[in-house]
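Each of the two complexes below includes chain A, the first together with chain B, the second together with chain C.
Here is the complex of A and B:
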């Protein structure tokens, strides 16, 4: 308010002067957040790009400039390329299995019935359990002589058991299962919130016009839920690309790199083996992947939501 | 108008037997699915909690039923372990610091972003929202160098600051629309009574925005409490470890004593679950506004 008073008092002063003043006050209020953001979020990302051009262990002076050699090394290292493909597998599985599953549950919970809120409370609970704790409990549960083996033996399916997390062929699927255990509730809650924004009358109108419930969901509810599904898909992809805690605690990327992810690979090379420059190059690749994906998604997929009214009229 | 509504009343009052059977079957199928999923969610947690009451041989021989006999030493050992309490305290301290910082800083910024016209406002807002795309993972190596150069390595504040910084985006996204909805008249009235922007912010805007502030604070606490990568890289001495670090270290140190790991893990889990039961509404509300509208 003070600003406007001063600005009016100055009356005839130029527009730029007034604008500067407004920006000054706004800047003062934003200063703490901007400073914190610039120092701990933006600067490190720029620094990662800088370090990625050096051969550096993080301790000595930064003077071994090697151009793009770190990137060439990463892109020709089968272990890194394997890690990229593992992230891709998790992304695909999340989109093909986890989100449809969460959507099905959200549709079930979108009707009023006794016990609905307790179910929602239970399903969402794993989201607040730390990935580290999730990882420890599940690895103990799945290890030989653990709960999984005993349970399967008890119901006569003992032959089905194998130490999934220790087998290169099954470790990714096992990890995906654990990830889904922790995150399906999050996507369900998101989709449920979207569903609750859709007027129930629309589905009822379709039913009155002779549509079955399945048809009403397919042709009325799902198109209207489009924006929420796309947000859910987006968060799922970004999350899967950054996967670290769970893998690090359960398998450290093993056995024989079969569950390595980009983030685990970066941590292992950068922090554990002191290859700071190389680790930074991996971080930059990860960042570029996430960023271009996000921009493309924004451009091609989320954009449709602005003219969604006509697309889905 | 009267006819259709009369007809539908008729249907709901005396549904045909066939419809009733079908509805019953559908509801049965729904409950079968829901209970199966609920079981998969609950079993690992119950397994961990009960496992803590067994001893190692019992756990290897029969981890399915109730403990027999109930063994208390695992829990008692953990509860009398000073390291556990120290980690609990460290986690609490870091969560409190980072939450206070991120909520206060974001509120100040969201205030002008929501209620002041100035050139570059939308650009500034976009810059903050971009933060959602900058993951901690990408920044972690340079963060270590930065925090080391600032002399904050192995220091709770050195962990709380980056945590707060990475929480700014979501917090501002949630607070801004809430702040915009507070009527302009209130601010004008406050100005007439001699209340400057800071006075309005602290004495009127913040108290009126309590629900939104609680929501963002709760999200910040959960984020900080579960954070693993940042403390793993930024903290070195055991006396500064947070719970996720302590639990992980404990589980690799006592690999053979599964029951003790389960007891430790269960106790580390309790605060988060209690917090969840108390604050579920805020967590769900915050994440869905952030996710659906952001």
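Here is the complex of A and C:
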């Protein structure tokens, strides 16, 4: 029905009319998706922005308008600023440690050797496990009298153990370790997929021209892998900024706020402490930060990839 | 053509506006439909109109769950015109559900409440009913300390059916082994005993640093001792925490913290589950724990498959602080009760009275489930030796301060727990704790 309709439309109308008609059809098809997007993405964002201007505990009528006071409060709260800095630390550590590690593994597992698929499976497995389960398992492993302590004691390194998650000075690094354990496999698979898209002939050609294996990787493989690395970095940054489940289950942001993240802070103040207005303000800050970062990254880093101007050409 | 389509738009807009208006006016018209529920209670059951009471409680496990069901069934059998609709939810699920219901203004007739600041917020939002006059004839049958927790500005908004008390649980065998024969009655004696235990290589105290409300018990109890009933009530109701007694409470808690009495890794320990302070106590890695009447059950559940500590637990009240104005038997505690929703039919009060009658309370007590009934005279019905210890302590307490994170708003309560955690986390001072609490109280 619709097809004949469109066909007659195409046949009988002018060019602009046809375009309008096509847009109408496209809009019709997109309507369900757009409606859902507006209802569950756009509307909540607008609502959060609205609530963030009020002093509201979620029960009383929404009538105590306080302007930007919630934002001032968040930006002058050392606990929130601490949470922001913890997110920043996780971002930096992820980029400096997690991605290079995943890249190394991917390069290794891209070569042919026996047991390669099993290794890939093993390294990828942690990513499949739910974040909450990961958090519980690692809390159990790292707790005093847990497996980590017993293991270290058994190999004569018992003195090395300390309850890392219980120490404000080490908790963040311990959490980063758990995050890396869970996500390095994901980045490894991404990069591996990227590597398999690179024709082997190119590296061979470089080798024939006298490049060492290191040089071939440095000057041939890595530049060609660029688009994948940039996506991996992007996902890693966004993931680190939104970090919540793992922290909430292992430490709830403690001890003494030493592992608070923006999302944990938002949940704690907004939901647990019934400060829906203030929590919304924190959510808006988190949203703006992620949104700006994502846009900037798209604009300046991913642009040449999305425009199709990859180094392939 | 154009004007015609404009007309169409106009008609559409008019329809929307009309729809919106009819939506707005539907609330007054709905009033008569609820009117029949305002009919006089019971008595002439045959002629009385049908009434439905919407009841939410959180005793989602047996035996408590069955007992509530049975009491509701009995009441319905005696009052054929009353239909009680039960909704049983787990604690956290209930809180989420209730928040959603309250935000919609769809308040249950009778629902779980902990009194204090949470109830105050519901009162301020006009969601619960003032039942002062309705319960005047029988309110004296309820423990007055518990009753006070459900009052806001002198008016009664709910009725408690349970009141527990926080106190020191200890491992009797460990105390004997360490040669402690006399239980501490003052804070100084307590500190000495902690040192004695430590001297014997025993971890004196199990603390759940991840669940910050557990550490806050110490500070709150010392505040109750140092500030007394009047000092506590003034701070909680006015939000003025400048009384020096609160700094003093922090200083005394600091004396204990400086002895490093807690188990290894306590800052990451939850209260319940693997690696918890309850598990630490069950495995003899912590001789003492400041906790409510629910401790024996949780410790036994965390004892790793063995039969638990059973009779190996003892209880003593929080010690007195020399020279402080507070009565040495004053307590810190809290419990469960029911608040009455704003639109509840009058029968709800009568049903609530039935739920806290001496007969119902005795049946609750006999279950020995950890619910300590508040109805005066029901105390002997509890036969569990551990719970009886707590009830003895409660009987001596003239004043019971509701847990601070429930007496205040969730916002201030969270700030108090967090502030006290900085003290035992090694990042705060007694003064900075009070400063943080004052700041949070002023921000409301």
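For this structure, a couple of remarks:
Methods note: the second predicted complex is superposed on the first by the 278 of 313 C-alpha atoms of A that agree within 3 Å, B and C clash if a C-alpha of one lies under 4 Å from a C-alpha of the other, contacts with A are read in each partner's own complex, and residues count from 1 in each chain.
Simple rule for what comes next: a residue touches a chain if its C-beta (ideal position, glycine included) is under 8 Å from a C-beta of that chain, and two chains touch if they have at least 3 such contacts.
If you're wondering where the values come from, they're calculated on a predicted model, not measured in any experiment.
Once chain A of one complex is fitted onto chain A of the other, the partner contacts of A:189 are limited to chain B, with no touch recorded for chain C. After overlaying the two complexes on the shared chain, residue contacts for A:165 are found with chain C alone; chain B is out of touch.
When the two structures are aligned on the shared chain, A:58 is found in touch with chain B and with chain C. In the superposition on chain A, no contact is made by A:200 with either chain B or chain C.
In the superposition on chain A, contact of A:257 is made with chain C only, not with chain B.
Contacts of A:249 after superposition on the shared chain: chain B is touched, whereas chain C is not. In the superposed pair of complexes, A:146 makes contact with chain B and with chain C alike. Ranked by how many residues of chain A each touches, chain B and chain C are led by B.
When the two complexes are overlaid on their common chain A, residue A:218 makes contact with neither chain B nor chain C. Shared contact residues on chain A (touching chain B in one structure, chain C in the other): 58, 140, 145-146. Note for the complex: chain A touches chain B at residues 1-3, 19, 22-23, 25-26, 29-30, 32-34, 36-37, 39-45, 47-48, 51, 58, 105, 108, 113, 115, 119, 121-134, 136-138, 140-141, 145-147, 150-151, 154, 181, 185-186, 189-190, 193-194, 197, 227-228, 231-232, 235, 238, 242, 244-245, 248-249, 263, 266-267, 270-271, 276, 279-280, 283-284, 286-287, 290-291, 294. On the chain C side of its complex with chain A, the touching residues are 99, 102-103, 121-122, 124-125, 127, 209-210, 212, 263-269, 274-275, 285, 409-411, 413-415, 418, 421-422, 425-428, 443.
Residues 27, 30, 33-34, 37-38, 40-45, 47-48, 51, 60, 62-64, 101, 104-106, 108-109, 111-113, 116-121, 124, 127-128, 131, 133-135, 137-146, 161-162, 164-166, 168, 172, 187-188, 190-191, 195-197, 200-201, 222, 225-226, 228-229, 233, 243-244, 247-248, 251, 258, 261-262, 265, 268-269, 272-273, 275-277, 280, 283-284, 287-288, 291-292, 294 of chain B touch chain A in their complex.
Touching chain C in their complex are the following residues of chain A: 57-61, 73, 139-140, 143-146, 163, 165-168, 171, 250-252, 254-257, 268-269, 272-275.
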